[in-house]
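In what follows, subunit A forms one complex with subunit B and a second complex with subunit C.
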Partner chain A sequence: MTRRARLLRHRGFQIGALLVLALVLFAVLGPIVATHDPLESDFVRGLDAEEMPVGPSRLFWLGADRLCRDQFARLATGARVSLVIALLATLLSTTLGAAVGIAAGYTEGERVRVPVTSIALTAGAIALLAAGRPRLAASALGAAALGLALGRRGPSLPVDLDALLMRGVDVLLAFPFLLLVMAVGAAFESTSVVTILVILGLTSWLGTARIVRSKVLSVRRLEFVVAARALGQTTPRILLLHVLPNVAGPIAVIASVSVAQMILSESVLAYLGAGLAPPTPSWGKMLFEGQDFFTGAPWMLWAPAAFILASVLGFNLVGEGLRDALDPRE
Partner chain B sequence: MMRRLARRLAWSAFVVWATVTLAFVVSNVLPQDPARMIAGAQARPKDVERVRAQLGLDRPLYVQYTTFLRRLVHVGPALGASRPEAHATCGGAGPLHVDLGTSYQKRKAVVALISDALPRTLFLAATATLLQLVLGVASGTIAAAKRGTVWDRGTVAVTLLGISVPTYMIGILLQWVFADRLRLLPLDGYGRTPLEHVTSVILPATTLGIFGAAWYTRLVRDEMIELLHQDHVRTARAKGAGRLAVVVRHALRNALVPLVTVVALDFGGLLGGAIVTESVFRWPGLGSLGVGAVLDRDGPVILGSVLVTAIVVVVMSLAVDLAYPLLDPRVRAR
Partner chain C sequence: MRSIPGSSALLFAAFSGALAALSGCKAGDLAAPLPAAHADDPAPRRGGILRLSSFADIRVIDPANVADGLVPEVNNVLFAGLVDYDEAGRVVPDLAERWEVLDDGKRFRFVLRRGARFHDGEEVTADDVKRSVERALGPGAPNPYASFYESLVGFAAFQSGKEDALRGVTVEGRYVVDFRLSERDATFLPVLALQPLRPVCRSAGRRYSDAWTPCGAGPFRFVEGGTEHGRHVSVVRHEGYHKPGLPHLDGITWTFLVNLATERFKFERGDIDVLHDFLQADVTRLVRDPRWRPFGAFDVERQIGGESMNTEIPPFDNVEIRRAVAAAIDREHYRLVRPANIRPFGSPVPPAVPGYDPAAPVQRFDPAAALEHMRKAGYPYDPATRTGGWPHPIPYYVYRTGLAEYTAQILVQELARIGLRLEIHVVNYPTYIAFTGRRGKAPITSYGWQQDYPHPHDFFDPLFHSHSIAEESSNNTAFYRNPDLDDLLDRAKRELDPAAQKVLYAEAQRIVCDEAPWAFTHTFRFYDVHQPYVRGYRPHAVWTHRVQESWLDRTGADGPRALLDHGRREALGALLGSARDARGRR
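Showing the complex of A and B:
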């Protein structure tokens, strides 16, 4: 059986893909179908006789929230927000993790010549960060990366890139992830969709880097890679044409599980009070707001909870299906 | 061997230092003014400046950093009942002092706050780890031994649900059922008496345990399926060993090696403070301390909790590395 056939016959993958598809459709069509504005309060029809938000009804399909806004409209808009955050953050973290993992794994046991200018710029970036100028530090780091990409010319120093990168990963892994996320989140005055996804993306690539590195370590010893090197192909070409395709499978698995993790992390951030600034709805934010109305208006908690659970389950199942289909032993 | 150990120790110390330094930078980059927060929003600029000078926050960052490091571990008079004013915020053993300064918000020594919180987090982490280990190993082994049956499929489905449900949802659900409806267990908090501590730990430990048990079940199942196909297991079966004996003695024992690694690292993570679970259950451990500190911009407490977390994580991964040769003869031979 081919991989594709194995994947399509996988029961878990079928269920997961259906769930994901349904959620994407909901995110695309939901806000169009919704009969209310997600940010608009309706204090006249949204309250019942006891001044509590009304439950699910013909007017409010999934009930009203504490500010008498339509839950369905908010969940639909929240679907767009949550999915965009999860997908883009995954793209960011997977790209970063794969790049670091490949760079480290491919250069393991060797010393890479790094231009002196790049080293100096990186040191400058650290100093700028310490001096409280994060924006300048970021641009210095960007310039350093550019010098690394462009440069064989000029003086350079031999650096054990693998050791350097992996030790950096060690340090960041010892750092409490949620504290880091919250601290960075607190550093931005108002938390927008972009800040949340950048924070999540920049803090969750460590595991990916480790796994990709270990895969690259075995791939780079295979005959065709050694042959390509012997034939004098350039490193970027080898990485792109020979190494990347052979680690793409594990990366795909990590990415789909990571989407699930991102949805969870976003909701955890919101739960801890460091999420999106109001009034933008996201599932995590809605769950957080619904918590206090648990006994009086349970739909405010269950509706977002169900969506979070369904999406996490869906992406996990897709990841599982991919893993089983790519595993030659199954 | 000794050289490897020395290198490993030096590296661990470096990781702790780098992590704390990173935390120092991050907590100083945050756009906030501790002096303003202490003096109050209505305070006169003069008073804010006075507080700033008192805290030493008017000095350049590198001076603050070196002060922090020098104070962190220093030699002083033995800590007894009457401690001199200058060492009021110190903890430690004998003449060796550890000083993390004073919390901006709580006005207490950070060392004291951490030594209050650490045992509670340890209690929660140990209970949760025990729970998830017992449940995970048992159900993972059964599922692998009965592979393909209804039992196995059911276990796989349930554990997938287990790792997909956010922990705070499990927490809220447990609170609702056992504290709100049935009134069997306390809703949250830590309690006052030892008995209350025990009844209070059940719900948060179960919350952590459900996720962990699901995770370990999958891990043990995958590992066991692999192992049950190996030659030595088939040989043992062929020589007439009972099914149970084969599963437990020949397969499970080998599956425990990778499991120990994961458990130790997870335990380290839990000791750093299960932030979400501690928040849901208002468990006054390291996680709650850290979250509160970040939300309050309480620099010294942030640094203190990052330091403890980093040490715990590093020590656990060191322990795993050292324990590996003891558990697995193949590693020892190399």
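Showing the complex of A and C:
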């Protein structure tokens, strides 16, 4: 049975794909078909006789929130926000994690000659970051990476890149994730979609790096990689043409599960008050707002909770399906 | 990914779903009140422990350092003052038997009750009053209210350490103490009735110190080991209290950091006797439930809320823009954020404050006037085409998870209708406080003011007098400066005739409402509900949980249950103790 056939016959994948498809459709079409503006309060029709938010009705399909806004419209807009953040943050974290994992795994046991300029720029970037100049630090780090990729001339030092990168990963892994994310989030005076996705992307690549590294460790010893090196192919060419395609499977699985984690992380951040600034809708924030009303207007709680549940479940099931389909033992 | 393992993520999501599914079940139904045993008998009964709770916590129990909003409840039963407030907010004698106003209002002479005793058994004398005042106002005391007493003669020299004694407080006999003021001060008696200067036992010493055992002359006394930080505080009856027959209760316990929903369920079970903190849905139900209505009451409104506009930052340096904002806000919409507690209000002084003049001008919602003010400001806005208005987005700072986070979202909608675009920036509370009080930082912020003492001066002076402007931590968050208003407020503070004072504050209110450094939007009133067996419990104009005259009248059914619960705890304690002993022996 081919991998594609195994995937399509996987029951979990089928359910997950359906949930994800429904989520995407909801995010795309929901705001279009919604009867209300998600940011606009309807104080006349949004409250019942007891001045509590109205429940699900023909006018408010999923009820109103405490500011008399349409829950359906806000959930749909929140779905867009969640998906955009989750997908782009996953792209960022997976790319970063895969790059570090491949670099570390491929150079394991060897000393790579790193241009002195790159080392100096990296040290400078760390110093700038400590001094609270993140943009300059990012520029310096970018220049260091460029120097590392292109620099063959000038003085260089032998560096155990694998040990350096993995010990860095170990150090970062030691930080409690939520605390780290909240601290970084709190450092910004205002939070936008870009801020949140960058924060999530830059703090979530560590696990990916470890998994990819371990996979690369086995791939680099395969005959075709050894042959390519013996034939004198350049390292970037070997990594792109021979190593990357052979670790793409695990990366795809990690990425699909990562989307679910990002949705959850974004919701947790919003729930804790470190997410997007209001009035932009966010599922986690809606969950937080709903808990004050759980005794009187329970739909304010269950609606966002159900969407978080369904989307996390969907992406996780897709990831599981991919993992089973790509498993070489099957 | 390392954030949350996949299985945990699923569990979290499943938990959210389960929580949501459960939420609609029975939580909305209120239990019936637990009746009093002798509801028709008005005679107080002695005994019993009153159990109170809060979602918050207290930091330190000391009248000289009232560091949070909850501790005044505890201070109030531990420390008695020379004067206190009655239920209507009037200043009445307490440890002082009487007082006289001398020297054209510049000297207050207090004659103490004879035989009033501290918790350690010592008699309260004039020396103790002076010592306690100096302890609370001395250079080392972290008293946040010290500036309230700056009209005392020699205050500045004493506070700065230049003089060893406070010249403005003199002992004129064992039971007579004088307070001399550098100028007439209509706020002196109201601020004296606050807690900071209340007499404390001699063991407290002459200077403030963190290490002390709370000891005063209030109706309840502190017991050694009666407090556990972040958990609870317990006090017991002071048998030497100077008011005969009081208090009726054996003691009071406060439990802290209790979740709001938990508080409600404990209250319904009778594990908490009075409920002060609520989920919004619960307070709405309690207020409307006829079974509970006789046992609940709103406190008087002691705080105002509004939008503070920085008069030094564009566009709010333009008075017409500020007037436009004040007219553009439909205050009824603010009320709907918390209908039971918020009342729309367009004035700087809450209606319950003595001297409040209902005839004085207030700010009102008038969308046509708001658009006209925008035109006069030079930024006309056309609502039909949604063109015009102030061309730049305006940052608006609020703190996380507070009421203001919701009113902010209403404000954004209201001001968009006159061409002002706000961008909400949610920051943590310390940042919010720093930004609002920092010169040149926040163009417009949500702000509120809670009454310290029931007098209009407590609202006008810190919020709108130019001497309240500072580079950092400015109370005057609008950085509003008007010499005419300053002069008016200074004269009103020196004016002792209530009628003349009222005229001056009405004029101050007219100026502030017209020049609109704030758009006043609402007052907030707290709700209290108690079980029917808590008798003699009434709301108070100044203090929360004024329980000195309360008593408990539980039925037999509650009594045995409480005893049973107590017995269970005892049995459990004995069991754990014997287990520990057994381990120790091994």
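Descriptive notes on the structure:
Assume the second predicted complex is superposed on the first by the 330 of 330 C-alpha atoms of A that agree within 3 Å, B and C clash if a C-alpha of one lies under 4 Å from a C-alpha of the other, contacts with A are read in each partner's own complex, and residues count from 1 in each chain.
Quick note on the criterion: contacts are C-beta pairs under 8 Å (C-beta built on N, C-alpha and C of every residue); 3 or more make two chains touch, one makes a residue touch a chain.
All of these numbers come straight from a predicted model, not from anything done at the bench.
Of the two partner chains placed by superposition, only subunit B is touched by A:F175; subunit C is not. In the superposition on chain A, contact of A:L313 is made with both subunit B and subunit C.
By the touch criterion defined above, A:I254 reaches subunit C but does not reach subunit B.
Of the two partner chains placed by superposition, only subunit C is touched by A:S204; subunit B is not.
With both structures placed on the common chain, the touch criterion links A:L264 to subunit B and to subunit C. Using the contact criterion defined above for the overlaid structures, shared-chain residue A:A305 touches subunit B and also reaches subunit C. In the superposed pair of complexes, A:G273 makes contact with subunit B and with subunit C alike. Between subunit B and subunit C, more residues of subunit A are touched by C.
Comparing the two interfaces of subunit A, the one with subunit B and the one with subunit C have residues 173, 178, 186, 189, 260, 264, 273-274, 294-295, 301, 305, 308-309, 312-313, 316 in common. Looking at the complex, you find that subunit C touches subunit A at residues 1-4, 6, 9-10, 12-14, 16-17, 19-21, 23-24, 27-28, 261, 264, 279-282, 284-285, 288, 332-333, 336-337, 339, 395, 400-401, 405-406, 408-410, 412-413, 423-428.
Interface residues of subunit A, counted against subunit B in their complex, comprise 12, 129-132, 134, 167, 170-171, 173-176, 178-180, 182-184, 186-187, 189, 260, 264, 267-268, 271-274, 291, 294-295, 301, 305, 308-309, 312-313, 316-317, 320.
Every residue of subunit B that touches subunit A in the complex is listed here, in rising order: 11, 15-16, 18-19, 22-23, 25-32, 61-62, 160-161, 163-166, 168-169, 172, 176, 180, 272-273, 275-276, 279, 290-291, 294-295, 297, 302, 305-306, 309-310, 313-314. By the touch rule above, subunit A contacts subunit C in their complex via residues 39-41, 43, 47, 50-52, 66-68, 93, 173, 177-178, 186, 189-191, 203-204, 206-208, 254, 257-258, 260-261, 264-265, 273-274, 277-279, 287-288, 292-299, 301-303, 305-306, 308-309, 312-313, 316, 319.
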